[in-house]
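Next come two complexes built around subunit A: one with subunit B, the other with subunit C.
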Partner chain A sequence: MENATPALFFAGIDIGSTMSKAVIVDADGAMRAYVVGPTGAEHRLRANRVMEDALQKAVLALDDIAYIVSTGYGRVNVPFADKQITELTCHARGVASLFPNVKTAIDIGGQDAKVLKIRNGRLIDFLTNDKCAAGTGRFLEVAAETLGLDLNEMGHISLQTDMPVKINSLCTIFAQQEIISRLSEGTPLPDILAGVYIAITTRVVKLARQLKVEPPVVFTGGVAKNVGMVKAMETVLGMPVLVPQEPLITGALGAAILARDQAFQLIQKDEYRVRRDKKLGEAIIDFGEKSR
Partner chain B sequence: MIDYFLGIDIGSVGSKAAIIDGNKIIASVVVPSGTNYATTAASVKEEVLNKAGLQPQDIKSSAATGTGGRNAGADSYHGVIVCDARGVNMTFPSARTVIDIGGQGSQIITVDEAGKVTNFNASEICATGSARLLQLVARILQVSMEDIGPLSMKASKPSNFSTSCSVFLETEVITRIAQGDRPEDILAGIHRSIAEKVSAMSRGVNIQGDVAVIGGGALDTGLVRSIEEKLGVKALVPENPRLMAALGAALSARDQHTK
Partner chain C sequence: MVTTTTKGLSRAHEIYADRGNRARELRKAGKKIVGYICLYPPVEIITALGMVPFRVFGDMSEPITAADQVSTTVVCPFLRSIIDLGLKGKFNFLDGIVGAHTCDIGMTLVISWRDYVKDAPFTHLIDVPHTDHAPAVDYFEGQINSFKRHLEEFAGEKLTGDKLKRACELHNRQRRLVRELYDLRKSDPPLLTSTETLEVLVSLFSLPVEEGNELLEEVIKEVKERKDRPAKKKARLLVWGPVFDNTSLYELIESADASVVVDDTCVGTRAFWADVKAPYDLHALAQRYLVDLKCPRTYRQSEPGETKRDYDKDLDSRFNYIKKAVTDWNVSGAILQSVKYCDTHGYEVPNLRHYLDTLGIPSIYIEHDYSERSLAPIKTRVEAFVETLG
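Take a look at the complex of A and B:
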């Protein structure tokens, strides 16, 4: 037990289908640094990269991180993580840490959407869609590509109208055709964009309604960064939504806070011992009975 | 004096027209639908009359069906499910189940010996349950639509796909190409994905008797084989599988007239 004095920082790494995120928190669970970068094909490289960048931002070394939790679709590809926890659990925790009263969380990511019911900071129910691109960020990407617009720009343009056009197709492939038809008919661009946002939102809210939407509602995921989507979400839900300052990192934040909880539990049981290799990606950590 | 009846089917992808005298098709056409359904309906009607060597006044009654059928200017409109059932019943009197793989979705229908619909299930608008997915994949593989079927028959180990959404499948197809999967194996894998979707839709509808596969998807022999394998049936495919609803509409026009 010669290394029993831990450095009290904790990290969460969320490898999503499109974006990877890292968050470092201190012993109070306060965020010290966060990083967001595209996932790409090489999960492991990306995991190392976001971790390194987050450490650099926090002016810390890997040795200073007492415990690391990985989450997200690529969570198995974080070799230096001490534990993997599902994104739903991490998400609920991250959202509740920012909005302690949250009852419903809606997350729209690059390739999926999730609806979480949360009570007293705990996940009590959820539904997900990862089967159909409609109702995910992918739908927005396809629309942006079709229109030759930047995702951010799209959101702002959509705010110029209160008359969203109706997009009838639930299927992304056919909606793309519909967008082209509306354009050729001379429908103004803001109306089309606002219609696209309403279409995605309607799909996700349909999922959410199966669980009953109770306020306060928190809207997260990369798609929540889009002002047009936030407006559409409030319109379709008929109630205001809360959006974190950085809606992409709630999963990684939850992972970091869970890392802190895990480490404290081990410390309390006097089972915490750390022996971490200096080189990133080959970190070795040793917890009492568990050793790798 | 022979009575002629016209059926028009304005689909999302193709528009079709058929003229019958009594029980026999005497002329038919299939054209792309375009964006203006009313114009398409007028031209498809003109074309089929030309082909039959008839004048508009020779048509006793006309009926329309399909996505754009209400804009076709026909004497009556009928739902596509009913028209599919009637067209198939005339073509294959023994068929009791109809699977229609169309341009925007698919449907499965059961019919009685008189061609009346006894049950049906229609997919929501979804590219994966339609011929559209084949088009998307054909484009990526640079294979013409006609070659998909024959090429897929050469597959030795059909590719496995982890998703059922066409948008995600497009990405996965590119990944499979990069991993060295052969085009025939990719196509066979895609056929399985569509057959899977059709099979999911068939739950709740009791597949019985002879099964007819119609719609644009039925032109793809590989897809028909996949559906046969998945459902454990032998499929009947009409000579012109896209024409069944237009034929059914023509039969409905005849019945309305003689009623």
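Take a look at the complex of A and C:
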């Protein structure tokens, strides 16, 4: 079959506080491969690794990639990226590519939560909670550690009740103490877990209400993988939420689509330069460098 | 005698790096240096009595360690930074300190200074009403009068009408020159960056008014003739909020492909937009500081005391000066910044954002704790905001 467009591919790489993700899309913006892995302390090595894995999955070489956009908390630490774009813009683009009518997106990651207002696929307003662990994935991890449970298991157990307890404290550390005291009072575990989910969700929804929540609402981020959280989100919002099949990669997907848009724009203006000089394996760990 | 040989922007850069330097020199030469906090102590009276007004700022790069003895962490970190520096002896070149009841913590800070810092022999607190109607202006005039009498006593000389008039004219001239400097930011790209502007402004608060005017003239000439103009950026922003005396926020914004072209802060336009009007008496000072100076600490309701709801009229009465800035400087977005725990500014934010919406100006609200470290997480939000403007 003859292909009208040349075989061009584009990549987005999202270095989050907890997880790193890479997505490769083709000239139509369709996803060819994605990879998710833990970030760890060395952002740059991690960037190389997820990129290599994604290329391998797509059966491509780096030279097949026309343009790379990096995003996320560690976006400055991707030496082979052509452009950096914030995770807010990338998430909005990624979510809108999956759900074109989306008006509100709520993303809860490992260390932050964000609420995006989207119109016609474009980010128009946003709020973030990035000063405090309450209302983030970290809160869930602390609760899981306290209870000695795995995160997934925790979600399923929470579904066994309709009587969540009220966790009054919004502070992660104080909430942990509250969980312990509830346990010692003999409160059933499902009630406590459902209460934990409601507490985080309430915190994030409070943020979302400042921007006025309009349906359809899409829920993304690592935390959206948890069934208990999805149920709590729908309960607190009072409306259904849409969750992508892979809620972790919307940022990287948006970055890849923006990479495609960017490359096409440059090609149109005849300003596109083949990225031969930017190779993988160039990650140099230099802490003396000014790259915060 | 001015010991430095640099001029214009590089001189401002030097003064910004060591604000107290010139004041220490002048003090050695026998001048009295009177520190003041916030914008409400009338500097004209200090200048007219032969003394040097010196605006007291905090230091965002200095961790607050000593202030815990005199205040808890639940109050304005900017004012805590000031008392912290005071306790560490960093303002030991001041002969006096004047504060005003701009906000509650601003007032108690002066008392704490008197009780704990103790360096300066002269301390004075001016009570400032929180509304701008006629009886409030009369009351404020009385407060300015008692400040005048107290400072006369300290200076050992009387304030004559002539001296006050001359001082008002000097300060008005400074205000006019600053407005002229701001005009140079109306072009696209602006002829000077917000960082350069702030360095000049902070210098003005650190120098006698005549020397400040001289610096402004040098800077204006230099900027008009400069070849190395700032780069054109994607967005033209207005920055709003309480004191911002450190270039770090402006550097952060300008690194995100945006130029800050105008502001509504008390280190910028608020300090220099209103002149003292003839006949340059105490009533004119009261009018200038309480009515013409626009800071959220004074509530500018359209009908004073009226409780019937006329939201749009009130919004207009409180914020219409911003509309002019938005038009004149061709602003494409606004960054509202505030320091943590500032209820004075916090109260304004939802209404102001609404007002900016009606003008079609997108805005973002960011909060920091008056430390350079607390600005890092803001970077992503500022960048994303600039991306939404594209």
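As a working rule, the second predicted complex is superposed on the first by the 269 of 292 C-alpha atoms of A that agree within 3 Å, B and C clash if a C-alpha of one lies under 4 Å from a C-alpha of the other, contacts with A are read in each partner's own complex, and residues count from 1 in each chain.
The rule we apply is simple: a residue touches a chain if its C-beta (ideal position, glycine included) is under 8 Å from a C-beta of that chain, and two chains touch if they have at least 3 such contacts.
Source: prediction; values computed, not measured.
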In the superposed model on subunit A, is it clash or fit for subunit B and subunit C?
clash
Touching partner for A:T86 - first (subunit B), second (subunit C), both, neither
second
Based on the superposed arrangement, let me know which partner A:C171 touches: subunit B (first), subunit C (second), both, or neither?
first
Using the touch definition from the top, say if A:L253 reaches subunit B (first), subunit C (second), both or neither.
neither
Based on the superposed arrangement, let me know which partner A:L123 touches: subunit B (first), subunit C (second), both, or neither?
second
So, A:V142: does it touch subunit B (first), subunit C (second), both, or neither?
first
Examine A:L62 and indicate which partner it touches, taking first as subunit B and second as subunit C; both and neither are also allowed.
neither
Contact-wise, after the overlay, does A:I200 reach subunit B, subunit C, both or neither (first, second, both, neither)?
neither
Stretch of subunit C penetrating subunit B in the combined three-chain arrangement, among 22-30, 40-48, 76-84 or 274-282
76-84
So which bits of subunit A does subunit B touch that subunit C touches too?
131
Could you pull out which subunit A residues touch subunit B in their complex?
111, 131-133, 138-139, 142, 168-174, 181, 184
Under the definition above, what is the set of subunit B residues touching subunit A in their complex?
35, 104, 124-127, 132, 136, 163-168
Considering only the defined contacts, which subunit A positions touch subunit C in the complex?
73, 85-89, 122-126, 128, 130-131, 292
In the complex with subunit A, residue positions of subunit C that touch it:
362, 376-377, 380-381, 383-384, 387-388
